[in-house]
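In the two complexes below, subunit A is the common chain; its partner is subunit B in one and subunit C in the other.
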Partner chain A sequence: MRAVVSLFIVVSIAIVMVFLLIPRDRIFENDQSISKLSGKKDLLAAYKLGKLKDLGYLDYKAQKEICEINQASKDCFSAGSSEINELIKIYEKDGYTINKTEDGFYYVVKDYKTSRLILNFYSNLIKIDHTGVIKDPNNLELERKVYFAKDHNGMLSIKCSGCENQYLLYFNGSFPFIHQNFIKLNFGISYPTYIGLNTFSVISNKQGELKNKEITFETGTTAKSAINLHSCTYKMTEAIDDLDKAKFVNNYAKCTSNYTDPSMIEVSYIMGILSLVFSYLISIPLGVVMAKERGKLIDKIGIIYVNLMIAVPSLAFIFFVRNIGSLFKLPDKFSQLGFTDVRSYIMPVIILTLLSTSSLIIWVRRYMVDQTNSDYVKFAKAKGLSEKEIFNTHILKNAIIPIVNGIPSSIILSIGGAVITETIFAIPGMGKMLPDSIKAVNNNMVITLTFIFTALSVFSLVLGDVLMALIDPRIKLDNKGGSR
Partner chain B sequence: MENKFKFVELQESNSEHIAAPAYSYWGSVFRRFFSSKIAIFMMVLASAVVIMSIVQPTLSGYRNDYMPNVNNFSLHFLRPSAEYWFGTDNFGRNLFDAVWSGTQTSLKISFISTIITIVIGIIVGAFWGYSQKLDVILLEVYNIVANVPFTLIVMVLMYILGSGQPQLIFALSCTSWLSVAYFIRVQVMIIRDREYNLASRCLGTPTYKVILNNILPYLISVIVTLVSRYIPMFISFEVFLSFIGVGLTNKTASLGSIIQQYAQYMESAGYLFWIPVTISAIISISLYIVGQTLADASDPRTHMI
Partner chain C sequence: MENKIILSAKNIIVKFKVRNRVLTAIRNVSLDLYEKETLAIVGESGSGKSVFTKTFTGMLETNGEVTNGEIIFEGKNLLENKKDKDWEKIRGKKIATVFQDPMTSLNPVKTIGSQISEVIIKHQGKSKEEAKELAIELMEKVGIQNAAVRFNEYPFMYSGGMRQRIVIAITLACKPEILICDEPTTALDVTIQAQIIDLIKNLQKEYGFTTIYITHDLGVVANVADKVAVMYAGQIIEQGTVEEVFYNPKHPYTWGLLSSLPQLGEKGKKLYAISGTPPSLFEEIKGDAFAPRNPYAMQIDYEEEPPMFKVSETHYAKTWLLDERAPFVEPPVEIRQLHERLSKMPSVKGETNE
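Our next item is the complex of A and B:
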């Protein structure tokens, strides 16, 4: 519960600061459509206001929209009619600012308050797909049901009619193997980079080239296509064309394509997990050996290494290690060999691993040293057990506790490391997306990444607590003790 | 045989005196510090760098937008030589001047941020360690902030505030004082209830004397350790943030912006890139090792022989 509260607070602060403190003009600096509209004052204002409305800054209604909402007569649509004047007065009372174009048409604008900004974000955050989602005026007899069916691969799946997605649950061979569409996260649209996509789809969609293969559609036609049949969503009847009719038997015809390369989340995830595992594999034995040989050569070398890692600027370190990698013909940019080549991953993973080892080593060493001074070790010694027996059966059992306890902070650390490493290697992952979207003034993307990174760290802490309780029977997860 | 022993007159004042070696805290600190040869070498290096970064830019008057040799192509991309120690760049500017001017900015940012972080951290931490009410509130705040990656906080803050020196200092010290305060709180809590402090209190020693004489000597080493960790960390952050373009802009010369500016010449004119990178590493390492040795030396426990 605490974790959720702290996530909520951090993200809310980020939303408020991003929306209120970043000048709105900066958002449009990188948009090419703006230069096309320069000179046309009204069109430009309408374009900008429309975008700001999409981004969730304000509420904006043109005269046409006002009339349509209030179901006014045709008279309303003309400039300066009495009907629109009356409608405008209602909006003025609501706190809208009334503006007029050069042609005399009205448009009303209202900025959202801080509380509304936060509320909007969280109310749109979780989208649950159910049978009542689709409202198509041209397809009123649309069946509304959820049912089990076999998909085109012959696997069992949960399908839906009337939902946004055709498949609510399906299995396939790609990570994470079980896919669901019941609940989707929605962080708003991405702008000005990746226009037309949700920020979450930007980082979760596959990247790279289209992957064509032979596909048999529901109507029986076969074609070489990249369409991902699992991804199909509802397409309004008025938008359905003959091509769609040839392929699909129902309205679920809006599909995304299969791509060759993994998504940003997957790339970051693969590297993060690999480097986490490796850093543990390196740090634990090293820390144990350093504690055993305290004050001897290996301990001194280890301490020098740790101190160097703390002192050297991470940028300098990464460039240095990357240069060593180039000596072994390893690529210094991810794009040189691409996703499919294992060599692209070697240097980033090594660097990420090394970046997180220093704190782990010093932690394991300190813990082992503390243990060797504790009473139960002295007692074991007095009993006449050998050093080896004491180390392997007594101390190591206890040492697993700091190892587990260190996982959350390692994850938090590796997020920071991933941002630096991915930027330098130009890896198309979430870490690089953060500086990229900052440079492009992509507000929603920054908020999305803040949410994801904070959620990751917060839940890794919870995970650490749970693991601790599982491993160490002395620790109980109740409200009395502990303050995390 | 008899006169091997003789009577000594009883000296009452001497018998009252307890035989103990003379102890001076700061004397021991410096003796301990200067016993390490590496530390002396690093201190010379660090002070040379600091003095250089203060003096050299005022002599050279380097400005990033001042390029007198921009049209003199014979002075572009000169390799390091006796005349141009670090070589020249694509606009014919002397890299030696640029690096020291950049070092000044980077050191300034990291020193100011460290001072702000540490001072606020110590003051808040001391109160935090003593006050129960404050503990409840600040612990919650700390738990929230500590859960978020620092890189993320700094980057989002820089994004919101825009690039610039004051903004960068603010972003770096905005949340980092909390972890210092938390650290000091724990230390204060450990030390304040030790037996000798309880004994002092029982004997009627005023609180400020307890803090000054009993707690502070222990905290000095902790504080110096913190300082020696934060300075390299902030230099590292400045370099990284400027490198990805959210820290300082190209207009201000800092180690980060210099590295960012010359990263494109990594292959063609490597010295432009590697010299500032190496300098940033040398500065951090020397300052860190001096700080660590000083921290060890200022720990009263190491003064026992």
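Our next item is the complex of A and C:
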């Protein structure tokens, strides 16, 4: 429960900071459409207000929209008509600011209050797909049902008619093998970078070139295409063209494509997990040996290494190791060899591994030393157990508890990627997404990332505690007040 | 004593390396331990009580070393054991140790049962099931009720007194010849202390092991011990039977120790305390180590170390006062009256019993 509250607080703070403290003009600094519109004052204002509305800053309605909503007569749409004057008064009472274009058309604007900003974010956060989602005036006979069917691969899946997505649940060969579309997190639209895409899609969608393969569509036509049939969503009847009709039997024709390269999350995660595994493989044995041989040569060498790693700035270290890599003809930019070549990963993984070893070694050593000095080890020795027996059956289990506690967070947080390393190697991963979006004033992306990182770290802490409760008999999960 | 000697330590010297300086913790100590007797080693903190007994099981800290002497046990010199592997046949199996703090002596993340059975498996070569049966039997013997259930519980589910019972059960698991109790009751409250001491006493009768008590609680000594050795600054300065040491002490340090018994305190009067502090063991000690604190010190005490003077067959003391050339010094009034005062106060003997 406390986990959810802390997540809520952190994200709310981020929302307030991003929406209230960043000057609005800065959002448009990187938008090229702005320069095209310069000189056309009204169009520019309308464009900006429209964008701000999309981003959730404010509510903006042009005269045309006001008339449509209120189902007014044709008269309403002309400038300065009496009908619009009446309608405007209602909006004025509601707290909207009334503006007029040069041509005399009205438009109304209302800034959202802080509380409304936060409310909007959370009320739109979770999108549940159901049979009543699609409202298509041109396709009133649309069936509304959820049913089991075989997909194009012959696998069983849950399909839907009337939902946003055609496939609600399906299996395929890519991780995590079972995929669902019932519930989606919606963080808003990305702007001004990756314009128009859902922020979450930006980091989770595949990258790179289109991956074409032979596909037989439901209509029977076979073509070389990169379309991902599982991803198809509803397309309004008015937008359906002949090409769609040739491929699809129904309105589910808005599909995304298959790409050759993994998504940002995946890229960061692959490197993160690899380096994590390596650093644990190196650090735990080394820390253990150092604790065993305390004060001897290997311990001293290890401590020198740890001190060195802590003392040298990581930026300098990364460049240094990268240059060593260049000596062995390893690429110093990820794009040189790309995703498919193993050599692209070697240097980043080595650097990430080495960077995390130092603290891990010193912690493992510390836990081990703590345990070897404890009374129960002395007593175990007095019992006549050998050093090896004491180590294997007594010390290890005690020392491993705090280490295990940290493992889930290390695994999960490696999704977050490594900011500096990814920037230096120009790796298309998650790590540099946050600084990039802050620089580009991509507010929704910043909030999205804040949400994801906070949720993950809270979740991993809880998971760490659960793991600890499993191996430490002194800790039980059902203790009152024991929840985080 | 008609009993035979079970362990004999001769001229033991133990040195520690502390921050590039050498500390001599045990300075030439000899001791004979007789079968089935209970020996209490008393002395203030830092006098070397624990260090001395640790040499019997090779449990000295890594910076410590026995530089001289021999410990004869079962016809062999234990100090010839260089590797831990040799010691493992002694530790737990022949000489077991109960440590001071039961709260930390047990591994917090292993079940009580597994900690008892691992010793049985290791030293008696029993199977897991046999070890479990024996362990439950032992737990019942040390007074754990519902042992079969509690076998699978963890130390944190046990109280301090019960943990010490478990520690004792573990040490008894292999029927040791010698049980070293290193301040076994210091961390426990008074009622539990009495229970634990009674438990050890009864088990000793049943199993017939030899016990060494390390304590600074003279009440416990009077209660349980057959013999007493008083240690000061890394040496045994007086040893004898309880009666001899308590009622006919010869060394001025023993006088001081006994005079400061809180049981002798009278209302309105300050308790007696030995003035000064023990000498630093980093420097070589010339003469009698107790001389600077000794109100009866003579010139020779500062110049030459006294030998062990024999008082009776069992009673020895290391003080120049016993030399025939020394002037006759009467022990202080408290000591001369100790016998009658203690006999008036059954509480000294009774205190730890009830």
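Here are some notes:
To be clear about the criterion, the second predicted complex is superposed on the first by the 467 of 484 C-alpha atoms of A that agree within 3 Å, B and C clash if a C-alpha of one lies under 4 Å from a C-alpha of the other, contacts with A are read in each partner's own complex, and residues count from 1 in each chain.
Here is the rule we use: a residue touches a chain if its C-beta (ideal position, glycine included) is under 8 Å from a C-beta of that chain, and two chains touch if they have at least 3 such contacts.
All of these numbers come straight from a predicted model, not from anything done at the bench.
Touched residues of subunit A, counted separately for subunit B and subunit C, are more numerous for B.
Of the two partner chains placed around the shared chain by superposition, subunit C is the only one that A:Arg474 touches, whereas subunit B remains out of contact. Contacts of A:Lys383 after superposition: subunit C is touched, whereas subunit B is not reached. In the superposition on chain A, contact of A:Lys397 is made with subunit C only, not with subunit B. With both structures placed on the common chain, the touch criterion links A:Phe171 to neither subunit B nor subunit C.
Contacts of A:Ser374 after superposition: subunit C is touched, whereas subunit B is not reached.
When the two complexes are overlaid on their common chain A, residue A:Tyr147 makes contact with neither subunit B nor subunit C.
Overlaid on A, the two complexes show subunit B and subunit C touching no common residue of subunit A. Listed in rising order, the residues of subunit B touching subunit A in the complex are 139, 143-144, 147-152, 155-156, 158-161, 229, 232-233, 235-236, 239-240, 243-246, 256, 259, 273, 277-278, 280-281, 284-285, 287-289, 292.
The residues of subunit A lying in touch with subunit C in their complex are 374-376, 378-387, 389, 393-394, 397-398, 401, 471-474. Across the complex, subunit A meets subunit B through its residues 2-3, 5-6, 9-10, 14, 17-18, 21-22, 307-308, 310-317, 319-320, 412-413, 415-416, 419-420, 423, 434-435, 438-439, 446, 449-450, 453-454, 457-458, 461, 483-484. Interface residues of subunit C facing subunit A in the complex, by the touch rule stated above, are 57, 59, 84-85, 87-93, 96-97, 99, 101, 104-111, 118-119, 122-123, 154, 156, 167, 170-171, 174.
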